[in-house]
Amino acid sequence: MRFADLRKQVLDANLAIVEAGLAVLTFGNVSGVDRIERVMAIKPSGVPYDELEAESIVVVDLDTGATVDGDNRPSSDTPTHLVLYREFEGVGAIVHTHSVAATAWAQAGLDLPCFGTTHADHFEGPVPATRELEQDEVLENYEEQTGDVIVETFRRREIDPVRVPAVLIDSHGPFVWGPDLPHAVENAVALETVADLASRTLALRPDNQPISSHLLDRHFSRKHGPSAYYGQPR
Amino acid sequence: MRFADLRKQVLDANLAIVEAGLAVLTFGNVSGVDRIERVMAIKPSGVPYDELEAESIVVVDLDTGATVDGDNRPSSDTPTHLVLYREFEGVGAIVHTHSVAATAWAQAGLDLPCFGTTHADHFEGPVPATRELEQDEVLENYEEQTGDVIVETFRRREIDPVRVPAVLIDSHGPFVWGPDLPHAVENAVALETVADLASRTLALRPDNQPISSHLLDRHFSRKHGPSAYYGQPR
Amino acid sequence: MRFADLRKQVLDANLAIVEAGLAVLTFGNVSGVDRIERVMAIKPSGVPYDELEAESIVVVDLDTGATVDGDNRPSSDTPTHLVLYREFEGVGAIVHTHSVAATAWAQAGLDLPCFGTTHADHFEGPVPATRELEQDEVLENYEEQTGDVIVETFRRREIDPVRVPAVLIDSHGPFVWGPDLPHAVENAVALETVADLASRTLALRPDNQPISSHLLDRHFSRKHGPSAYYGQPR
Amino acid sequence: MRFADLRKQVLDANLAIVEAGLAVLTFGNVSGVDRIERVMAIKPSGVPYDELEAESIVVVDLDTGATVDGDNRPSSDTPTHLVLYREFEGVGAIVHTHSVAATAWAQAGLDLPCFGTTHADHFEGPVPATRELEQDEVLENYEEQTGDVIVETFRRREIDPVRVPAVLIDSHGPFVWGPDLPHAVENAVALETVADLASRTLALRPDNQPISSHLLDRHFSRKHGPSAYYGQPR
């Protein structure tokens, strides 16, 4: 089997989002990239998670989207993943789910505000919601346009996708990423948790305000970058 | 054992809704139809799910409702199922649950609006709530009248039950269907998820609006009909 | 071991409420009565569920409350159980939990309205909340006074405890009962479900109204009394 | 292995909070103290719970915070734990989590009111929320300042940390403690339950009032202190 390692890791990450309660039925998909081989491996379209095997994973060309290896049709969201890998440097893996707490924010079309340190540990600021897609963007190359509107959101609002590794697609759900598969899965679990926390917080206090920028910076930098001191030395 | 295959499939589907968290105690029931033999197989009345066996499943005549095979009394909701099979072509299986998120919408007597693509992937528009039953409809042939009010809802509002395979019975709970048992179960899981999503979305944004018709059409037709491209070729 | 059967059944029912997600830590307790021997068997006080054995169950005299058999101290709520057995004929088992959905209604001091058929299948009308206990009722014989206020609630409001087998103790939580241990556990699971349903329904529709009396009667009598046709013939 | 017993108990308590659903990913940490040896044992920083072993637990000096034994870096929250052990007599173990119901209250910056006996059984009054940290407290010795603001909260408001063994750190989450590891874990589970109950209660009744002082005293003293009669004699 070609790309055996990448496939195995992508398989494991797909199973991890089910284990974490982020996906039911055939909802969601995880991909990983090999930037040297310029290929992406992704879940096949519409296959239940309990039928997935390493061989089911589809390997596609990062530039053309053509299938390089695998017998299945890749996820219908493949063009969205490809746009993100091409446009966002430093992204090594992408997780798309319809996890309920985060998807509620996406359906409401609202940025997810940073109400606490759990959020700040993973996302250095609000997780942005995209604008609604225009009719022509839905009718033509819909999945690629979905990727484009994510990129537009981060560029226009000057958000660094490495420091805010998630987005809420209007009326759809979250895309989450990271430098590698384990971190992308971790960020997807964290996003669902902080989306749930934010909903519960607003129910208690509808006018709740985001945390201060110094607390946000402190927590994000505690885990990321040169002054990080969370976790074990590597 | 007669109708062994049908019974086994109906048993598995009943167990699947428990596994998916849609039923506790003896709530809910699943049936499947054999339109050539003109019989329906359904869960027996009031039997706990963990005591169900293929032999417990009751086979009834599609036209008369009389038991064709089986020692148990069929589900008390049997007449509702029979009406739906008779009146809705293309329905091969029916799932009735009291799953909490969908039942809350039924108890509120509100149509479940389409707030996102998770909904649009399964239901081409809002899932309708029936009107309240009149006193005489409750007093006489209650379960059959329940079926009749479902049919009335779809006819009067010109909803195609193949494209919106679910209904919310006022003050009661959801009935969900599909072309076969696995799809009916899938739709029941999807309905519970989108009902939960819609409640969470409204909590964040009480004036939230349904998604655009082009996004609705795009997602439904991505999975259903001649232009479907979701899933694997069959 | 004396009262071995009763103890075993009470043990099983205590474990069943943990299995059903109605109890954590040492919260809650289940008892069963033997009206011929005039004894009640109940969970010991403060013992974690995973350490319970049939021998841990305490057997007390129905009239005096004195321990008849068993090495443990009985549940601190024992006097409440005793009052209910003495005053409510036809009660064979009692379940007390702090299950979250029902306890929220108790903490709010609100009757749980009948918003749907899931409720009507088990409780023939709203589940009443007691009044708040007076200071002297809390200071002296608190647990017995808790039983007395339950009895007062049903008598004053002319509610039949056989037809509404549950109560919400103000600022505390639910007590639920039934003719035997399995039915008491079933009613406790049903109460938690309908309390959750009612909260979710009100979140969608704050002015939601109870179901009609004919629908209430139909569903309750479908499962209870001489005209019941739900379940298998016995 | 030095401090083998303490390490094993701290390991078990860390695993218990995962089992109880209070922690995902690497969120949270539990410590235990040995006041005779003047050491504290705590979870290592950023290590997933399923990789923890007794040997992973880090033992630090209670006075200096220096590592006494263990190859890992201790939890980044170590300075907070140390302040609490030094300042609060009678605290034998500390649990920090980001459990969702309690963290929502912390993010809202609101005291958790005592709405029922479940709360009164564990906390003799509202669980206080700290004030927001000042910018300089976040920038310098942040984790130690977090401990200091907890101590300030209890001192200024004259709350006895033995009778209210928990706090809500503004914009962060709960710290919970107890005389030993099992009780600290029990209190953390209880806090999450009562936080959930309080949120659900307010959703039903936004103006809900705390329980009376006599009911609060009765329930707390039923389980704690010289007149306790809950549980088995020891």
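Letters are used for the chains, namely A, B, C and D, taken in the order the chains are written, and counting of residues starts over at 1 for each.
Everything that follows uses one rule, which is that a contact is a pair of C-beta atoms (placed from the backbone, for glycine too) under 8 Å apart; a residue touches a chain by one contact, two chains touch by 3 or more.
Values in this document were obtained by computation on a predicted structure and should not be read as measured data.
S.K.: How many degrees of rotation carry the C-alpha atoms of subunit C onto those of subunit D, rounded to the nearest 5?
M.R.: A turn of 90 degrees brings the C-alpha atoms of subunit C onto subunit D.
S.K.: Could the interface between the copies subunit A and subunit B be described as same, meaning over half of its residue numbers are common to both, or is it different?
M.R.: Under half shared, hence different.
S.K.: Among the chains, which is located farthest from subunit A on the basis of C-alpha centroids?
M.R.: It is C.
S.K.: Please work out the Cα centroid separation of subunit A and subunit B, and write it as a whole number of Å.
M.R.: Taking the mean C-alpha position of each chain, the two centres sit 33 Å apart.
S.K.: Can you work out the whole-Å distance between the CA centroids of subunit B and subunit D?
M.R.: Distance between chain centres: 46 Å.
S.K.: What is the distance in Å between the mean C-alpha positions of subunit A and subunit C?
M.R.: Each chain reduced to its C-alpha mean, subunit A and subunit C end up 46 Å apart.
S.K.: Touching at least two other chains at once: which residues of subunit D meet that condition?
M.R.: 203
S.K.: Touching subunit C in the complex: which residues of subunit B?
M.R.: It comes out as residues 24-27, 44-47, 72-73, 76, 98, 100-101, 103-110, 132-133, 135, 138-139, 142, 171-173, 199, 202-203.
S.K.: Going by the contact rule set out above, which residues of subunit A touch subunit D in the complex?
M.R.: Per the stated touch rule, the residues are 20, 115-118, 186, 189-190, 193, 196-198, 200-201, 203-205, 208, 211-212, 214-215, 218, 222-223, 229-233.
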